[in-house]
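Next come two complexes, and both contain chain A; in the first it sits with chain B, in the second with chain C.
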Partner chain A sequence: MTETSLPAKARRRGLSEAWFAWALIFPAVAFIGVIVAWPLLETIRLSFTNADMNSESWVGLSNYQKLLGSTKFFTIIGLTFYWMVLSVSLKLIVGLIGATLLSAAVPGRALFRMLIMPPWVIPIAIGCIGWLWVYNGQFGIVSGMAQRFGLLSGPFEFLAYKNSAFYSCIITDVWVGTPMVSLFFLAAMQGVSRDLYEAAWVDGAGRWYRFRRITIPQIMPVIVSMALLSAIWTFNSFDIIWILTQGGPRGGTTTMIIDTYKTAIGNFKFGEGSARAVAIVILLGLFSLLYLTLLNRVNKFYGVK
Partner chain B sequence: MLMDRYNIWQKIGIYAAILVFLTFILLPFVEMFRTSLSPMSHLFHSPYEFWTTEFSFQAYHDMWIKVPLLGRYILNSIYVATMVTVLTMIFVIPAAYAYARLEFPFKSISLGAFLAVNMFTGAVLLIPLYRVMQTLSLLNTYWSMIIPGVAFLIPTGIWLLRGYLEKIPRELEEAAFVDGASRIYTLRRVVLPLAVPGLIVVGVSVFIGAYAQQYLFAITFNQVREYQPLAAGLFEFIGYQSVEWNQMMAAALTGILPVIIVFLFLQKYLVAGLTAGAVKE
Partner chain C sequence: MATLNLQNITKSFGASQVLKGIDLAIKDKEFVVFVGPSGCGKSTLLRIVAGLEEATSGAIVIEGTDVSALAPVDRGISMVFQSYALYPHLTVFENIAFPLRVQKLPETEVKSKVAKAAEILQLTEKLQLKPGQLSGGQRQRVAIGRSIVRNPKIFLFDEPLSNLDAALRGDMRVELSQLHRDLAATMIYVTHDQVEAMTMAHRIVVLNAGKVEQFGTPMELYHHPATRFVATFIGQPNMNLVPAKVLGYDTRGLAVELDGGAQLTLPVDGAAAKKGDRIEVGMRPENIHLGQGLSMKVRVLERLGGTSITYGHMDNGQRFCAALPGDADVAEGQTVDLSINPADCHVFDASGAVLRRLMAPALAA
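Showing the complex of A and B:
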């Protein structure tokens, strides 16, 4: 008998363990089967057709050939990965700094922890409306204050130019994602045994040394899994870009998910849109696989299980 | 404790850094609040002025007239998120228990498949999902927003709750078995009561997910104004001849206030609770 299974006596009664387990899981599997797996298969099928609102016929690989032959598509892929890497790195760095600050033993800490919650718990669309106003050139606080202090000579529309729109979206995305990352890191930091810190402190280790050699390695598992989850969510982040810029100006913020939405829902080209959706799934799958493989290597190298 | 003592400069540094961090986090809310208090004439004043003596709560009154369904939108948001949370938990609890406690074939593969669902957010599968909703004749109903929400939250829910259930001592269940309790009875009467703190944390996380991400499904699957959640309904302030920005901000802040207050109270449990799910040994 393995250590994890229940006593033999219990196992004999009623359903076998395996059947019982599958009975418990089945509802969730069936639900996801209908709402996620079936549409996924349907997406793959549609990607080989030229489906639109009324008709569809089989066109083989032509949607994919079109994609691979367009330089614009590769620009979009590049932009999407740049978007993901930059935004996730910022979320992790700002989140780590935030969690460290919020775990510092200073009066008012409980209040500060509450105050970082709002961007996470409100609808993303509503936070974006706030940012829409912040970025407004005529009436927004950033442009307005910059003019007051003489940093800008006139109104500056942050969302009207390719580069500034892209980085504005990044900032908003980091704003939406940071509270959750901070809270997960904070929770992980609180799980680290105080004995470790005390032992290090007695040995004369400074604060920075303790952070680097105890905190970071101890919460590494959370950092690693948060990074992957955050990367996937950021890659597919839709609401933020759609509300702030709708992918513009001139494609400056068109990531793969925005491109897919525009093609499929905006222009009713279901077939071509599906091919783009499949491309997202393939790229994300490859990315996750690569990430997990590298992680495994690193873990083995350091002898961590 | 001596180890945690800071000298005065370190304290100043920490507070300054927290101030910068919180400014970034709260800036849009401050700006929304300021906008909601300003009369339109001040908002469009040029050159830019941060402060005015004309601040008033007029917009909080006018918004109900400008968008009569506003109250409905706020309730819709909460209703949809609550339904999503309840349904998700019904699917998540048994599955998470199976993954935490039982041994069965395809265990790790099926768990991996669940987690892979995270890769297909609603936006990727929108086209066929639209057709599924059409086939089930759920378009333009509350269900068209609830059902996809549930599907995409189940995997994270299972993952979080599993971490919790693994922490519950196994001996208690074994004692119940020895006393002749059935599996279902043990799950209901022994495991679930012990897992209440975990259930709260997972439930709250699911609610946050459901509440925060209603926009896409709402604008795609639902055209009925009466069913729109706040995130989509707010855009009614745009699209008339002029945009009443102050009323829009007032409506946004009023709409999120009840939920924010609830979360401020739950925050303590959340931070403590996430530890159990997120960190394993």
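Showing the complex of A and C:
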């Protein structure tokens, strides 16, 4: 008796449970649908049109054919990856050094921990305006100091030349991005058991040896995941470059995101701009996939399970 | 292998003094256990011997050499931590090999030393696993393996069994005693568990509030506790302490009257006691049997099979515990008549110091 009545009861309960679950996630789904999914689908649709301010009509793959046929586009991809790799590597290295210094038992380290926050806390626009003055040739501190120490014979406008503008942007990007990396590494380092260091010390391991064979492996999962996040942010870093150079001079700091913005918003070529945006999504998607596989392996290797 | 002498070790953290002048002489190949309640300073003392903490004053002498100023690795000690402190990202092999890698020994030597340690500890099959794949007891053995390969003069153990479950702890106790015999090394072992102390130690150091209460063999501590603290700390269940008054002292011993009214003549050295002095008579529950003289109302009865432990009160409200034979005819709520052989009683003066027993068993020496 009870056995036969069970399935019906279970089904009814299952149904209401499913409805309840959908009701619970509905707000989030609606939000993501409006903010993320719809714009993404609309971008993909636009990338197959020649939409501009006045009209739009279906052009099929011609936007993509144009992109693939342009050597300039591949130069921009190359520059973007160079920008990302260089900037992320510097953020990780400086962040690791910073975290190590901050975790050292020095008097007043709480103060130092607070002092590294400003680049991250103050609005990027304000920070970048500060950097604009730093890089200024006539009044900037770098140009001025270099002249005083005899490294430069005259004023040097750092943002006016392709190479110097690119590396200046890198420095500012690292300045903005490092504090958070440092804090993540610091938190991970604090999580490493003191016993491990004491055991290694009893066995005669010096400071560098302990850092190399305990600290680094223990925080490796955090290093790897931080590298992925930082890579995505840096790849799509728009505001810093836009405020400092607007992608110039002569395309010297035009990364994919700047190129997309210039095409779509600057020149009102919504169709071509969308094709560029889709290219970014595809590249970052592939990159993330590769990275997550790697992360999985790293976690396994370092015993996180 | 090595002797260890601690000379007037003190340690203060800020204003609080955790070690108040420790003097110990530990013999070669001895297994010494530091035992005491938590906060007594036993772990701090071990960490000072290891070199992980610096003593505020005093000297640590290993094999005649003052090592107080040396780094841990130069002292010839190795340490096993309570948490095992295994490196989760390294295999069992590399964990055991860690100290040898630090010394940059050639690969063949590393391999043979690790293989030897693994064989002693039955870890040969597990060498390629990560610590996360091992059971608690196996991790413990890896930690011991790491301390063996350095071939230290003195092994230090900081509560190594407290993370294991009760059954495994019993097995590991036997294994550690066996290991001590095989390695014939000086070992110092810290624990808060008096059973570990009693079963493994050649000699036990009982620490309380930063001071050595007593240093002696397990049976010395059991039969001749130097202080009231040691008497109540060693032995399970705890010793009963019954307040009493001195009636007099003669060749037969110290005549006392317990607060409940019973009178006993106890064979202890009471030359210093005066009539009317307040003292405490210590009676181990296992020395008490059914008889006449003491009476107790049983509140709780624990039948363990071999023994029946009764907890309750004497007539005057004094808490009392007795370990009676397993099938003793007692029940909860019942009043039972008990007795104790006067030779089994311990007597403590008002300061907590013991009056020496004159008729203790021979084994205690």
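Heads up, the rule we're going with is that the second predicted complex is superposed on the first by the 268 of 305 C-alpha atoms of A that agree within 3 Å, B and C clash if a C-alpha of one lies under 4 Å from a C-alpha of the other, contacts with A are read in each partner's own complex, and residues count from 1 in each chain.
In the analysis below, a contact is a pair of C-beta atoms (placed from the backbone, for glycine too) under 8 Å apart; a residue touches a chain by one contact, two chains touch by 3 or more.
Because the structure is predicted, anything quoted here is derived from the model rather than measured.
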Could you tell me if A:193 is touching chain B, chain C, both of them or neither one (first, second, both, neither)? second
Larger residue footprint on chain A, choosing between chain B and chain C, goes to B
Which of chain B and chain C A:280 touches, first, second, both or neither: first
Applying the document's definition of touch, where does A:40 land relative to chain B and chain C: first, second, both, or neither? first
Pick one for A:201: touches chain B only (first), chain C only (second), both, or neither. both
Which superposed partner A:97 touches (first chain B, second chain C, both, neither): first
Between chain B and chain C, whom does A:214 touch in the aligned arrangement: first, second, both, or neither? second
A:20 contacts which: chain B (first), chain C (second), both, neither? first
Does chain B (first) or chain C (second) touch A:301, or do both, or does neither? second
Overlap the chain B and chain C contact sets on chain A and report the shared residues. 198, 201
State the interface residues of chain A toward chain B in the complex, per the touch definition above. 2, 4-7, 9-10, 13-15, 17-18, 20-22, 24-25, 27-29, 31-32, 34-36, 38-40, 42-43, 46, 94, 97-98, 101-102, 104-106, 110, 112-127, 129-131, 133-134, 138-141, 143-145, 147-148, 175, 178-179, 183-184, 186-188, 190-191, 197-198, 201, 219, 221-222, 225, 229, 232-233, 236, 238-239, 243, 257, 260-261, 264-265, 270, 273-274, 277, 280-281, 284-285, 288
Within the complex, which stretch of chain C touches chain A? 50-52, 71-73, 77-79, 81-83, 85, 87-90, 98-99, 102-103, 130-132, 146, 150
How about chain A: which of its residues touch chain C in the complex? 193, 195-196, 198-205, 209, 213-214, 217-218, 220, 301-303, 305
Chain A-facing residues of chain B, complex: 1, 3-4, 6, 11, 14-15, 17-18, 21-22, 24-29, 31-32, 34-35, 43-44, 46-50, 77, 90-92, 94-95, 97-99, 101-105, 107, 110, 114, 116-121, 123-129, 131-132, 147-148, 150-152, 154-155, 158, 173-174, 177-178, 182-183, 208, 211-216, 220, 229-232, 234, 245, 248-249, 252, 255-256, 259-260, 263-264, 267-268, 270-275, 278-280
